[in-house]
Amino acid sequence: MEKAVDLDVLARRTPGFTGADLENLLNEAAILAARKNKKQLGMQDAEEAIDRILAGPAKKSKIISEKEKEMVAFHEVGHALLAKLLPNADPVHKISILPRGFALGYTLQLPLEDKYLITKEELLERIIVFLGGRVAEELVFNELSSGAHNDLERATELARRMVCEYGMSNLGVRTFGKQNRQVFLGKDLGEQKDYGNVTADAIDKEVSIIFSKCYEQARYLLSKNRDKMAAIAKELREKETMEGEDFNKYFDLIKPEEIAPIEPPKTDQGPLFA
Amino acid sequence: MEKAVDLDVLARRTPGFTGADLENLLNEAAILAARKNKKQLGMQDAEEAIDRILAGPAKKSKIISEKEKEMVAFHEVGHALLAKLLPNADPVHKISILPRGFALGYTLQLPLEDKYLITKEELLERIIVFLGGRVAEELVFNELSSGAHNDLERATELARRMVCEYGMSNLGVRTFGKQNRQVFLGKDLGEQKDYGNVTADAIDKEVSIIFSKCYEQARYLLSKNRDKMAAIAKELREKETMEGEDFNKYFDLIKPEEIAPIEPPKTDQGPLFA
Amino acid sequence: MEKAVDLDVLARRTPGFTGADLENLLNEAAILAARKNKKQLGMQDAEEAIDRILAGPAKKSKIISEKEKEMVAFHEVGHALLAKLLPNADPVHKISILPRGFALGYTLQLPLEDKYLITKEELLERIIVFLGGRVAEELVFNELSSGAHNDLERATELARRMVCEYGMSNLGVRTFGKQNRQVFLGKDLGEQKDYGNVTADAIDKEVSIIFSKCYEQARYLLSKNRDKMAAIAKELREKETMEGEDFNKYFDLIKPEEIAPIEPPKTDQGPLFA
Amino acid sequence: MEKAVDLDVLARRTPGFTGADLENLLNEAAILAARKNKKQLGMQDAEEAIDRILAGPAKKSKIISEKEKEMVAFHEVGHALLAKLLPNADPVHKISILPRGFALGYTLQLPLEDKYLITKEELLERIIVFLGGRVAEELVFNELSSGAHNDLERATELARRMVCEYGMSNLGVRTFGKQNRQVFLGKDLGEQKDYGNVTADAIDKEVSIIFSKCYEQARYLLSKNRDKMAAIAKELREKETMEGEDFNKYFDLIKPEEIAPIEPPKTDQGPLFA
Amino acid sequence: MEKAVDLDVLARRTPGFTGADLENLLNEAAILAARKNKKQLGMQDAEEAIDRILAGPAKKSKIISEKEKEMVAFHEVGHALLAKLLPNADPVHKISILPRGFALGYTLQLPLEDKYLITKEELLERIIVFLGGRVAEELVFNELSSGAHNDLERATELARRMVCEYGMSNLGVRTFGKQNRQVFLGKDLGEQKDYGNVTADAIDKEVSIIFSKCYEQARYLLSKNRDKMAAIAKELREKETMEGEDFNKYFDLIKPEEIAPIEPPKTDQGPLFA
Amino acid sequence: MEKAVDLDVLARRTPGFTGADLENLLNEAAILAARKNKKQLGMQDAEEAIDRILAGPAKKSKIISEKEKEMVAFHEVGHALLAKLLPNADPVHKISILPRGFALGYTLQLPLEDKYLITKEELLERIIVFLGGRVAEELVFNELSSGAHNDLERATELARRMVCEYGMSNLGVRTFGKQNRQVFLGKDLGEQKDYGNVTADAIDKEVSIIFSKCYEQARYLLSKNRDKMAAIAKELREKETMEGEDFNKYFDLIKPEEIAPIEPPKTDQGPLFA
């Protein structure tokens, strides 16, 4: 194994891996290194092995039109740029527009340390980062595509949890719905609705408020950094994959006024039920 | 195999086919060629083999009344004409009124290249093309028939996805409902409703707005091109099957003013939640 | 087989019969002919065999009161008369008040040719014909009986399809609800409701409008032809079974003004969503 | 078998009995006759055998309080009296306050002939007869008891059928809901609700109107015949079982004005959907 | 067996016991007698045996705080006092604050005779008796405890039955909902809701009216008899178990004005549907 | 076993343990003692054994950031402080920020005696204690984290029980919903909704009122004792685990005015249904 292999990075990229999984990972990496006639396993081999295990091998033969590649590049840079600009988001580790599995591209963020608690600000920023792909497409191409579907699904899930599980909305510091997990029919039968129609509508409204605020914030930040977004997307289209350090070079100087304060949905938690 | 066989067309007509499927396809084509005492397998044999595999053999013995044949011809031309006139729709490859399986006719569009992203404009145009069959019947015969059922079902599915999965409506850039797929009871148990009654009604309204706009557009375009529609339908009734090039001859000169701009449902995405 | 056996009629009366079913049918017919010591199988034997297979043998031992027989006769003539008067309904082939299976009588219509498309007018006329039995009872006896239950069920099914599957109502050219068919629990688990409460109520209203119009039309046509209805019912009570030609004798001269134009539910399809 | 055995009555009391059931019945009757050292099987033995098979042996050891016996007697006479007074109800064959199975008493009506159609008037009268037990308790004891539960359940079922299956209400000549029968989970999974909330409430209202009218009618008829009711109940308490002819003696002269015309719920069926 | 053993009381305390159950009961009683070196089985042994079979052996080792014992004593006396004061309630047979199974105490009422019908007054009084425990806690300690949960559940069940099964409310003489019993999934899948939202809300309101009236009545009667309640609770705390006769000593003279007339929920049953 | 082992404490910490469970517990404790080369099993060993059995071994290797540790410390002290200040809450036995299983820390309260009844005041105080963790985070860090999810879930469960099972709200002394337990699909299928929409909304409102009051109370008490909270959290961060007696030293003198009276949700239970 080369000295440059950063075990800490590998560890943070493989949460939940068992010993057997890690052994499998190193085997895979060794095979990749051997194919390149290398005697030592390098960091690149290890990361490629992780990507293959998590998302499948890169589909280089997939023929993607220039227009779509352009959209994918801006979509991923949209995610990455917001992850960079937001104070609590995890740093960008890699951006890629090499298709793998069903995905046309991906942006990988790696936390600096293990995290067990997640704050309201962090949750809001995660939603903003999820929306970044769609907003970038909209700003640059004035078009909406189906490519953001998965992002929207995950962002909606987070926003619902803020309201229904973490007590982070105007509906108060309580939970709504019971999770029906581990039942015999499959993994997750969704939540059981233990509230009335008025509450159901109120939950929808709170989720919409969260989205509305996050969308505005994503749009504001990306509009302000349009030039930077274009430059990075250009490099990404050429290289197809950018490491975090390459990406970070663009941000040697970010002026504080470029970063709008995230205005949290109005919930001063004083009078909970107006 | 004859030189005229266009492998690219065959590839685009057989998305998702495995190697075994393709081998099966060529066998089928070879049998069809042999029946005609041909020594080489031609493009027509290959396409007929695809049709048989996807939709069953042509049911020439099915006795369809003249009136119904007339309606089917206009119905298919309705689809084809809109596919031609709309800027983002896939080109028409074949139109047929030879019944196969449960279908009385079909219009086949083939994309020019593989597509992984689909934009809002493309989705709207697909809905408009789906509505073309029904609208043609209505315009020409002033009658509504049950023949459009399958078209309407697929168009409704697309419109619901625009609203609930792709965030392309006034309800905002989020998803509604969770897909319950891969459960043991069958393939798809439909979505799980994770929203309240007010949202459910709002989703219905958004879907209706999309349909209303698309219907108007289909009607506008087909009324403007009534003569062309009649001419093509006449040829189709005689020949029973038209290739794309025969169909395209009718459009050597389309004046831009014949094509109405598709006015998208009002969702400038600025203020998302009014 | 006697020359008078009309194979075309037999074919139209046995849609969906496999070869084995048809062989079985001829065996049954041969047995019936043999019981009458006939050497040749006649048309009557063949039709009786079809009736037995589809609905069970005639239950001549079933003792039905005179009053009920009277009601059944008018009920069936109500169906038949409307089938005759409406321009798009299939011609009457036979009327019978011999009970078979659970039915006390039946009216058999046979299409002149195979039909693959069914228009809105035809659907409306089918509903009107279904309502004919109940309306006749009401007009003649001023009584409502449970005998129309099956007719109403099938008419309701058609009206719901017009609204929810064929896009033939003011709710627009789209579908409502997804059919959950072929699931492991049985044949049909009914539709999945994929719309909100407001839409559900609107669907009910559209179905009610269709019924209201069809009911008025049935009542209008039967009131206008009360004498004819009484005459035919009298003959039917005596003979118990009437062939189409006997029935048609009553209509050598129908004046056009006896047939009211079916006024379709107001849906000029212009502005779809008011 | 004694000559007095009325086979016709036995037949009408045993609808749906198979040959084996009837053989079993006669065996049971023969045993009962043998216990009484009779050489011939009498009508009483046969009827007792039917009662045993349908409802279990009479539980003479069951100790029922005087007060309860009094209530049961009036309850049963309430049913019987209405069955007598209403023009279309089946004649009373037997009344009993000997408990059998879970029932404390019963009133047996026998139709004069087989019936295949049931009219709206007959259905309304059946509901009125069902309500007779409860109304009698109320009039005589000014008390409501749980004893009418089964009657109310069956009357509610009939009223719902009038509205939802037979098209006999202001909601029009159509059906509501689909019956989910013969599914693997059991006999009847109840109806599937294929209508919206507004319709559900309207159905409830129609059912309530039917009950309101029938209740008034039951109350009116029993109040008018209070003396007769008391006299019959007295005889029933002494004898414990009354045959139809004993019961009918009380009605040698009924004045027509004692029988109120049943005023049907206002549904002249003209304008169906107001 | 001692002569003092009252077989009638044992019979009334063991409804539904089979022969085998009774044999088991006497064995248990014989063992209990033998433990006390008695040669004859006494009434106390028999009753203790019944208690053990129905609720488990007395848990004398369970350490219950003085405060809780005090609350339990008043809770049970609350039940017993109302059972005594209400004209139709079954007489008190025993009161105990010896914990058995999950219960901290119990009040046992025994009917004077078998009952097959239960009147509206009796049902209302049962609900009042159920509420007695909670009301006593409230009056004496000004505290509400979780101990009344089971009482409230059973009282709610009775009130719902009055409205939905016995036709004893302003919603009229009919039933609501169908019981889904004996299905394969378990004993009782609850009722099937066969009514609309308006009716569901109306049922809730009727149940609430019943509770409101019964609660007022329980509070009125217990407030009026506060001294008596305290005296009996004191004796119960000392003795831990009181027989009916000891309890009844306190009521040698009850003045009629101590017993408020139970004012039934306003439902004179005249105009059923206002 | 050392003399210092307090069997009473061990008993109160192990409710529901069977004999075998206790044997297992002592084995575990003996092993822990042996590892430390102790000859006698001490109280600490026994308690550690209980913690391991209930929550898994302490995960000392889990690397938690300083910021998170700080939040966890204040979170746990928030629970403990409220448990101390509220008159009816169980005393604090131990506080720990050593992660075990999925929990980052825990506060252990031990009742002074077995409890079988729980009063409304005790339930409200339990909810207040549950909210203490979240409120402390909010007050000190002005941040909301996901760490309170489990607390909120349990508090919501208690509040729903107060309303739906214990009759402790403005909706009256009755129950709502039926528990569907012990069915074959798993442990708990949640409650069956046996009430209408209006009631469902009213239940939500009552639960919200309870939360609103409890939240205010938690905030009031913790704001008043901010200095004490900081001091205890500081000690807890250093020691990682605090025993009850160490915690209690901080409260040698609590002035009564520091403890706000818990104002119960307005339900004087007089007029139950306004």
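A, B, C, D, E and F label the chains in the order they appear, each numbered from 1.
In this text, a residue touches a chain if its C-beta (ideal position, glycine included) is under 8 Å from a C-beta of that chain, and two chains touch if they have at least 3 such contacts.
Quick caveat, the model's predicted, so the values are computed rather than measured.
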item: Any chain in contact with chain A as well as chain F; value: none
item: Residue-number overlap at the chain D/chain E interface, same or different (half cut); value: different
item: Averaged-CA centre spacing for the pair chain C and chain A, given as whole angstrom; value: 60
item: Inter-chain centre distance, chain B versus chain C - centres from mean C-alpha coordinates, in Å; value: 35
item: Touching two or more other chains - residues of chain D; value: 197, 199
item: Overall pattern in which the protein chains touch one another (line/ring/star/complete/other); value: ring
item: Ring walk, chain A to chain B and onward; value: A, B, C, D, E, F
item: Residue ranges of chain D in contact with chain C within the complex; value: 113-121, 123, 165-168, 171-176, 178, 180, 182-184, 192, 194-199, 269, 272-273
item: Complex contacts: residues of chain C adjacent to chain D; value: 62-65, 68, 71-72, 99, 104, 131, 134, 138, 143-149, 152-153, 155-156, 159-160, 185-186, 190-191, 197, 199-204, 207-209, 211-212, 215
